[in-house]
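In order of appearance the chains are A, B, C and D, and numbering begins at 1 in each one.
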């Protein structure tokens, strides 16, 4: 496919104004996929104003959105920029806004989408370049909930003695522990978009994982609830459910947030 | 210039563990990683962590299994260290809150895995690596360890004495992916490479796009030899279209392999009459390819892995994410149909030569994890033995770099009086430097080695020039083309089945790639998040690494572990109980050998026939 | 790294009250609507009728509680909506003050009106 | 406010098309809530006419009720209140963790029920008023 050098590449180098970059459809044999990819680069003339580029890539069975953008990059335009690594939905790098929904590129089958497929960076986050967004705020929120196991009197590892945990309890935190930090949920939440201090569904879910883990003990659970029930914590959630709908790991985020609200209320009632 | 006591390059399981250990030893440690830690490929590991935790089990059994699995190419001191330390280090993970799967009595579960004499693979669902990675990252956050994420390490800042054994490493040069700035990182006490595997040297791999062997290549060019690179593990069960891995856990739980004729070929065709599907990986991978080559493959490409008979409940309980993988990446429902699988590049047993403390022959340069070769895996890694390696040797490297005394290592490194030079094999082409590329291993300027600061500064200058050269060039070839050519050559000729002619062909193609690379250019003119630039640099590293794999595969004329040679169908213990070492030698690679250490603490591991 | 949250102002009370008032409002609002639009048509409302109802202490108290609950629920809802949009700092304090004053005024006025209606002034 | 790179038209328009049930429910609930509290203030103001005297009260109410537009607004208010109540009940269920899987269906049900109740009450509300 190397021969299919896109003619617009040339124009781009001249920094000409291009709204539509098109790879010639007719040069490709067989079924093709039409993708429209958001482009932006603060440094490159012609890309400082966001635009959409069109690419036509050959379709293959089982092809994912990530495959399509990788093909477009490797074949037509090596400056097309996006994060990706594992190709198997565990690294959480490639959450994009695909046809109006936050999805993992590597986990989204082309065959399930309507064409042309619009691929944009995650909304509500600053765009660094093309499909790459600034994740710092997301990481900050994750760090805010003290995302680490806290238990002062664990056994000595040398004794090979584990902390006991019932299979039921492990089952309870199972879903919450699957989060891959992709940021899709945060991007989909209107509240997080409006309120920068809102912890956001992913961070709350992270806290849920620890708060519900019986190994941590009551005192630390209370400490965790106190972090969660500050003003920009769980109460900000307006149960919009969009986080739950987009989570590629099928984590029932809204359910977890609601459970924490109830836990917090219960805890406060005890003092009355 | 940034400055820390210990700099850890890479934030996968090995890097994080090393950083925590160095921090606990009181060091000012920082992690520099091209990916945010939680994006590291350790997160993809599914099956589990081998550790002799239970009463009926014993570290000696673990060591024995590992030695046997390695086809007697593992070094006993390393293997025994792994088996002895794994239980405690695994327990520590539990104490850090890692959500292991549990038994009714609340204890952590263990399951059987290929090549193990006892079910000692400790697991957390089918997402053990994910939990391991996140649990350790959580500990890094807890300790407030500095992480420079999305910083790409380009080169090591190593002094330029003639003999690698006399050299010392003083830091690294990295560029900030977001801004494109090239900066120096000075390390007062040590640099630990934990950059993971080189899977991208192959076309069909279970490894991530980021597994480009950067650490291998950087250490190699700085003078540390690469060891046993020819030993590449091909996992028998990867999905044909993407290379996504279907965990060995499926077979551990009782999954069965069928050929197109519906035969359970592992038994019916006699590949492994005792262990069947649970024979070691190389055996199963070869069996599958033999089935396909003999016309009993499905669609002439793959075989079937069936787990339906395990029942929905058990599958959902233990292997749920396998169902998702098969569905999302292959469009197959594992509850109602068998899953297509074929061998895919999976793991590199070889790597940067280090001792039990993780140190290379270059002073202050350490390596841990998949990029290192201690060597515990020898000719073939057992499933579930990589994750314990990360935590055991990651921890040791971190502590040693931070100045803790871990005792004299028994394993020797670098060129020395105990090695034997390669003399016999004729190479089809001259490997090594092709001349024009401005990336060299050491901070050479012909003069006397400068002080640490000066060395780092000089390397930063070199790196800036290199980036400018790549960016300024306006045409030539693009890295993607070279990379594809390289990957195809490796998959075609240095795969599961290797022939002398094939490997030679691969070496010629690698040479071509090297020459083409002299004209490589970066099309993207932007300094911001330039992945084109990053991948171009990675491709250079892949060329170096692929070449060592092919060289090793050519010189080792025997069949051991994962290394199969058509012309040499037997294991030659008289001749080959030794490691292959390849040293960059400032651009003129040298091959030499170091004997395997089979003497353990209180027993010697006698090579036995490996049968399953 | 983000600063850790230090002020532990539990927002749970307001949240819970919002739910409790909501539950209460469902009942009285339905009652109110039904009474004044279906049983008695709004157009036929006369002071006499209103007074007759208000004189009943139970009704009076219900209406006052209705008012208080409705005001709290509505004003707290508005306040929350604003915080959800990122209202912060001095602005937040000012808005809170304004809302509290408005609510108190509304409740005071409402109770005054109701007592007048009942003819107790 | 969140920082987001100005994506021009892309960001400004079209997003609403991508809203899901939960988001619509949130918007509607907000909208109806604000209407209701607005109404509460107006309502007390109107009732305050009773402070001037019984006649003023009766006349004000009667006067208002004779206006067609007021009747229409009342129907609107009913719709708003009914939706807020029904969706409020839905939210209370969600808070209790009941029927989370059906949250979108219950939203649609609230809408439909609101429409039915509103239409059904039109005759009562418009009874005896002329244009």
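In this text, a residue touches a chain if its C-beta (ideal position, glycine included) is under 8 Å from a C-beta of that chain, and two chains touch if they have at least 3 such contacts.
Not measured: the values here are computed from a predicted model.
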Most central chain, judged by mean C-alpha position against the global CA mean: A
Distance between the centres, which are taken as Cα means, of chain C and chain A, whole angstrom: 40
Interchain centroid distance [CA atoms averaged], chain A/chain D, Å: 35
Euclidean distance of C-alpha centroids - chain A vs chain B, Å: 28
Averaged-CA centre spacing for the pair chain D and chain C, given as whole angstrom: 16
Multi-partner residues of chain D (at least 2 other chains): 1-2, 91, 95
Set of chain C residues in contact with two or more other chains: 1, 85-86
In chain A, residues with contacts to at least two other chains: 143, 146, 194, 196, 238, 261
Chains that touch, pairwise: A-B, A-C, A-D, C-D
Complex interface listing, chain A residues touching chain B: 2, 41-44, 60-62, 64, 73-75, 77-79, 81-93, 107, 109, 128-130, 132, 135, 139, 143, 146-149, 151, 154-155, 157-158, 160-167, 170, 173-174, 177-178, 180-181, 209-210, 213, 215-216
Interfacial residue positions of chain B with respect to chain A in the complex: 35-36, 38-41, 43-44, 53, 87-89, 91-92, 94-97, 99-108, 125, 127, 129-131, 134-135, 138-139, 141-142, 178, 208-210, 241-245, 324-325, 328-331, 478-481, 484, 522-532
Chain A residues touching chain D - in the complex, by the definition given at the top: 38, 40, 49-50, 100-101, 120, 123-127, 190, 192-194, 196, 238-242, 245, 252, 254-255, 258-259, 261-262
For the chain C and chain D complex, residues of the former touching the latter: 19, 22-23, 25-26, 29-30, 33, 37-38, 41-43, 45-48, 50-51, 67, 70-71, 74-75, 77-78, 81, 85-86, 102, 106, 109-110, 112-113, 116-117
For the chain D and chain A complex, residues of the former touching the latter: 1-5, 7-8, 10-11, 15, 17-18, 20-23, 25-26, 91, 94-97, 100, 103-104
